[in-house]
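In the two complexes that follow, chain A is the common piece, with chain B as its partner first and chain C second.
Right after this comes the complex of A and B.
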């Protein structure tokens, strides 16, 4: 019975969201308000019953001597409430500084070791024709496209010296080619996003036809 | 904080001119020392800085006793009579008469300063009737305005309103009036120029002029005076504004007699005559050794010089009487200071010529009748709305394939050499009972796509009898994970806590993931179903470090989630990571695959269908591939037809 109610509620809410195809309406607004409210309530529930109570409050109540180190996050959390009043706001900066400092340090370190260096190494490719044809073409395209994309962000005045002028002409042409690589990459990302949204649409249609109406297998 | 009397701007206490309009600032409320310009509290009698008197000596008003004379620092009393300056031959008769009418320097020196002030007050009080007839016009105006005050205050006000220097000077004018006829021509020219109306200057020009002109010599041509007068006439400070001059005179004027009675050096730049004794004694020795010239009594200043004082502005005499303190009973002593002490509203700027012109133009526009009526531009005819048609086509493309008897697209799925095949191989090569960390990092917005991938991957992992520990960096992730894990566990006889575990929400983003990279599982994490410490659950007891995980499978709904796992876990702990992502994340995830940061990549509905075929259990993903293919065909056709139509219309316009 509960499954049946859940299916009906899901189906009705799905139809309310689809009503946006006919324009903004109170039906869509109702569904939107329900989703936002449920999401916020769920987040508060998770934060309270999965984080604060079992990991901070209960250990401090049960054995404060053993969990004395939890007073530090408790104090930092309480200091955040100082942000509610302008006069006490600087006290909350301590917690904010701790959060941003730790988060920033981890993010920068991870970006360097987990994204920047590996991606830079990945562009150091062999352009030797001794490999198979697919690899040669792929590597050449990757190198040409990467350098061209970088050159497309180079904006300089036309130099006067002949050698510099020739180099500038080459850089502009290569940068124009790199701009096309960027456009193609953006188009691919947009197309994949559209495909993902179509997949979600198919899931909702299948839900209505299969779980609610049960007219398809 | 000093408020500018001109514009109301707040200025610092040490500012002499307004930082906004440049006007000279009035001194702060209190008594300004005439010697060192130090502001003192209102009840101060002697300057806190230099000890000079800052309270006027008034007849009939109680005043504090004079300070005891300090030996060596007091004014000279009876000294040897200096030789009386012999009348010069080149001086005129009127100047000779003037000297005869004034007391000699010896007589002036024979009295102490305090006694001299007493005598001056008494003389002025008794001779006020006669001196009023000879007062200058500005002083008569001042007295006429003060005549409205009660009679009991009149004497005090008259005594105070008249600076002692002026009162003493008024005695001279009786004798001096006779000698004016004998004045030299250059003095007459000076008087005429002084009596002529001053050319109108705006406040800025006046402020600049006052700033630059430190002494009267800058205005009065010093060459026009005879040599003896240049030497004897001290440079007089110019008062910047009439109002401010009056306000300052109230603080300084009562002390003029003291100032002028002090010995004054011949050099104007040293201004020794304005210094008290202690300051003169503190001067360098060579200064003391210099021969001191005889001081000039204030009475020797000719009246025509006194008349050069600006008298255009009416004196400020309104105000309330002082209720207490040494100035009790006096009125209008510090009216401007009181007014300045209160915050002022910024004065409205004067209208500029451009502003006036603009206002007139705006008024003319408002007054002019509307010549033409504003008509709304014609709405451009638009092509028939294509959106409903496109919606209808996509809906048909999505719905109709579900009713087709055969699956047309699934037969064309390519499997070998695809990223999905790499992903499949990465799991197939896992040893039995390998520990797998399964991250459900997607939310409900992409669940329709990601659930298919999660089901396929979980099913294969359970077929491989891997120990699965599920976590999520999103608060909604554990619920979605439980929806996938529970049916798959029932199918594969998996037991919660022994073969699989939903470790719940991993808080902290980077910090939480860094904890996994360092110690494997957070020490205080609690599972989603039983709310127990993860470390105490059977499946997690053998996880001591991240190296105990044979593979990390990230089900990423966004590229940020995948990036977090790669940057914080893969890079730090050097773990093997496989990614199953939404179709929208695939372009960025491919870069990680090409860089060999992930060992396998499967994405989107098509990837899920490929994976179901690879595992030999076609499911809902394969069923939906037809709809996905049909919808993509419709979208491609719409893009191509739309661009073609746009191109045709553009060519038609050119033709």
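Right after this comes the complex of A and C.
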């Protein structure tokens, strides 16, 4: 019985969302409000049951002397709620500063070891014509495209010295070429996103026709 | 006391960064503790954000001159009901699984599916812009889309080539740019030039 009610609820909510295809309507707005409400309620429970209770509250209740260091995040967490009142708001800055400090450091480490070094390593390719033609062309295109895409985000005023001006002209031309590579990348990302979304759409339509209406077997 | 948040951010950030690059037992212990505290603080921040959202919608319902308070009322009622059910039965429970499977998943799926229509509309509008840039982008998109269908090996090869050469180069350039931007922003935070926590 609960499964049947569940299918009906799910189907009605899906139709409420799809009503947006006919225009913005109160039905769609209600679906939006329900979605945010459910997400909020679920997120509160996730934060509480999966993070705060097992990692902070229970260890502090069970053995406070052994887990004394957990009083620091507890204090910082309580200070964070000072942000709710304008007069006490500066007290919450310490907690925010802690988050930004750790976040900034992890971002530097992550950007270096997770993106910068691996991408740079992958771009160090052989441009020697001794290999087969396909590899030579692909490697040249990869190197020219990567540097060009990076140069396309370089915005500087035209320098006065002739050598610097020549370099700037070259960088601008190369950057313009790099923009084409970026556009091709955007096209590929667009296609991948479209495929993913159409797959979800097929799943929703199948849910309506198979699980709810039981027209399709 | 205005210096305290800056000192906390710089101190904590430098210790975490040192732990990232050097192996030392003391640094490891402190770094692990800092990361654990960050997870806990993030949970507190999430609760604060959600509380603020509910407060804003409560005010919209309470003030009689706000337009469409009904949606805020639906949001509040749903949020409180789901929170209450979770508190009463616990998170890994049958009612919460039912809510996740029959409310959250269908809504999330339907909202994601809706984007397919917006993408089609965006592609049509881009075609009408009639420039070389949009032609290039849509041609790449079309080849990648057709290449997903196992019709001919030429289409699949063309898709594979686009994904592994020109698209790869563009994405790599973007990723390197993002990494450089992240590095610059992180360094500005750690030396105290940017202080978003003091606002």
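Going forward, the second predicted complex is superposed on the first by the 188 of 217 C-alpha atoms of A that agree within 3 Å, B and C clash if a C-alpha of one lies under 4 Å from a C-alpha of the other, contacts with A are read in each partner's own complex, and residues count from 1 in each chain.
Heads up, the rule we're going with is that a contact is a pair of C-beta atoms (placed from the backbone, for glycine too) under 8 Å apart; a residue touches a chain by one contact, two chains touch by 3 or more.
This is a predicted model, so every value here is computed, not measured.
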Which of chain B and chain C A:173 touches, first, second, both or neither: neither
Which superposed partner A:64 touches (first chain B, second chain C, both, neither): neither
Which superposed partner A:33 touches (first chain B, second chain C, both, neither): second
Chain B versus chain C as contact partner of A:111, first or second or both or neither: both
First (chain B), second (chain C), both or neither touched by A:102: both
Partner chain(s) touched by A:121 [first = chain B, second = chain C, both, neither]: first
Which of chain B and chain C A:159 touches, first, second, both or neither: neither
Chain A residues touched by each partner, larger count belonging to chain B or chain C: C
Contacts of A:204 with chain B and chain C, given as first, second, both or neither: both
First, second, both or neither for A:2, with chain B first and chain C second: second
Chain A positions touched by chain B in one structure and by chain C in the second: 21, 39, 42-43, 46-47, 50-51, 55, 102-103, 106-107, 110-111, 115, 119, 122, 185, 188-189, 192-195, 197-198, 200-201, 203-204, 207
Chain B contact footprint on chain A (complex, rising order): 21, 39, 42-43, 46-47, 50-51, 54-55, 59, 102-103, 106-107, 110-111, 113-115, 118-119, 121-122, 185, 188-189, 192-207, 209-210, 216
Chain A - residues contacting chain C, complex: 2, 5-7, 9-11, 13-14, 16-18, 20-21, 29-52, 55-56, 69-70, 72-74, 76-77, 80-81, 83-84, 90, 93-112, 115-116, 119-120, 122-123, 138, 141-150, 152-153, 178-195, 197-198, 200-201, 203-204, 207
Contact footprint of chain A on chain C as seen in their complex: 1-2, 4-6, 8-17, 20-21, 33-48, 50-55, 68, 71-72, 74-83, 85-87, 90-92, 96, 98-117, 119-120, 123, 133, 136-142, 144-145, 148, 161-180, 182-183, 185-187, 189-190, 196-198
Residues of chain B defined as touching chain A within the complex: 391, 394-395, 398-399, 402-403, 445-449, 451, 475-476, 504-505, 507, 509-511, 514, 524, 526, 528, 531, 563-564, 566-568, 570-572, 582-588, 591-592, 594-597, 604-605, 620, 623-624, 627-628, 631-632, 635
